[in-house]
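Please find one structure pasted underneath; my questions will follow.
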Amino acid sequence: MIRVLVQSSAIEVAAEFDLHDAGGHGASASFIGRVRGDHGLAELFLEHHPVMTEAGLGNLAHAAADRWKLSALTLIHRIGAMAPGETIVLVLASSAHRAEALAACEFLIDRLKTDVMLWKRESFTDGRVAWVEEREGDQSRAERWESDIP
Amino acid sequence: MIRVLVQSSAIEVAAEFDLHDAGGHGASASFIGRVRGDHGLAELFLEHHPVMTEAGLGNLAHAAADRWKLSALTLIHRIGAMAPGETIVLVLASSAHRAEALAACEFLIDRLKTDVMLWKRESFTDGRVAWVEEREGDQSRAERWESDIP
Amino acid sequence: MALNIAYFSWVRERMGVADETVDVPAGVGDVGALIAWLAARDARGALAFAEPQRIRAAIDGVMMGPDAPLSGARELALFPPVTGG
Amino acid sequence: MALNIAYFSWVRERMGVADETVDVPAGVGDVGALIAWLAARDARGALAFAEPQRIRAAIDGVMMGPDAPLSGARELALFPPVTGG
């Protein structure tokens, strides 16, 4: 089962785990990314290009599922306004064996950072508002997988 | 918070996630290993050396928490008799950033396979019972981390 | 030629609209020329496209460079590098 | 010298006990010699320790090779390579 969602409502992690696990899998690896409240952050806003984000996530999901023979994959990205502590992204990959589940999870979270058409805007408690600049590290982590572009 | 358990009762994954997340973390990586029902497996039995298993898990947990500056770590291993689909092991590592959480999770699951004093016995539906032989792959995956032995 | 343009992130904020339909003048044939034309059109465009090297473009959902021709395009999206995920 | 020995996995099954206290004979000074003595002691020991190269040992919770001396040991654990995790 491949489940890919881009949603403005809260990501219900426990419910997504339950849904994903319905089949029972040998190994499941997950990644949960949350809004950090560093530096006085009050709100994170994620803007997206709907068509490109959906296509990007769908392509990533199918590439990972094929390559690592996943028995299930859940890939959910939050958009819109979020408070510190809220979940931005959930990746949950299952396979018969641990190496495949772990590799797929890591691939997806690295590639998500660069392949999905999303822009972050941060609002701080002191009233400052700023769009996040591109980070060098994201690009180089994603390039580790470059030869695997679907 | 470092939580290390060796238990014969079922691992309550959702409750462990809740407990782990109480603080709120930037990034959480998890691994769940379950009993696979391949080849007519009816029961998996895990025998352990209590003192050595507890020491081994504790050392691994503290080594990972220090190295990757984890904000929380949950490491739970089931022992005793289990049915297919039941959870054998849960690793849940949180950090401010994704790379650390993912690396810690992978390190722990690889090293668990060789550092913990556990022996697996499989009982099959046809009545056959056999102790599992050591696997080459486990040794080589764990050796990737060799220079990091605490 | 009529073209739908969508703006995202701070490009959208500086342009003051999320999307618009423009009548592309004759002689504006590719993405780079269109960005230059928008920058010259008014103060909002001058602000949004002051640094064209920071702008990325997609035509009908596919990333394109400044030399990509506009002919046949339904939607042009203009935005800064992504910072998502 | 009295020594507690704990057996695990198929070593335990073949020995028929999980642990025992043995009186180590004079001349049996290290782990390898003790394994050889157990193999010679009775049929269960002969079965459990037929292939000594497959046996791993720990003294008081620390993995040890066959040359490790037994003096000062409280518990010797004997078992096959782990297959856990």
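As written, the chains take the letters A, B, C and D, and residue 1 is the first residue of each chain.
Just so we're on the same page, a residue touches a chain if its C-beta (ideal position, glycine included) is under 8 Å from a C-beta of that chain, and two chains touch if they have at least 3 such contacts.
Here the structure is a predicted model, which means the values were calculated and not measured.
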For chain A and chain C, the touch-path distance in steps comes out at 1
Computed over C-alpha atoms, the centroid farthest from that of chain C is that of chain D
Whole-Å distance, C-alpha centre of chain B to that of chain C, is 51
Whole-angstrom distance, CA centroid of chain A to CA centroid of chain B, is 24
Whole-Å distance, C-alpha centre of chain B to that of chain D, is 27
Going by residue number, chain B touches two or more other chains at 33, 109
Touching pairs of chains in this structure are A-B, A-C, B-D
In the complex, chain A touches chain B at residues 13-14, 17-18, 24-34, 36-38, 84-85, 96, 98-99, 101-102, 105-106, 109, 141
In the complex, the residues of chain A that touch chain C are 33, 46-49, 51-53, 55, 77, 89, 109, 112-121, 131-135, 138
Residue set of chain C touching chain A in the complex reads 6, 8-10, 12, 58, 61, 77, 79-85
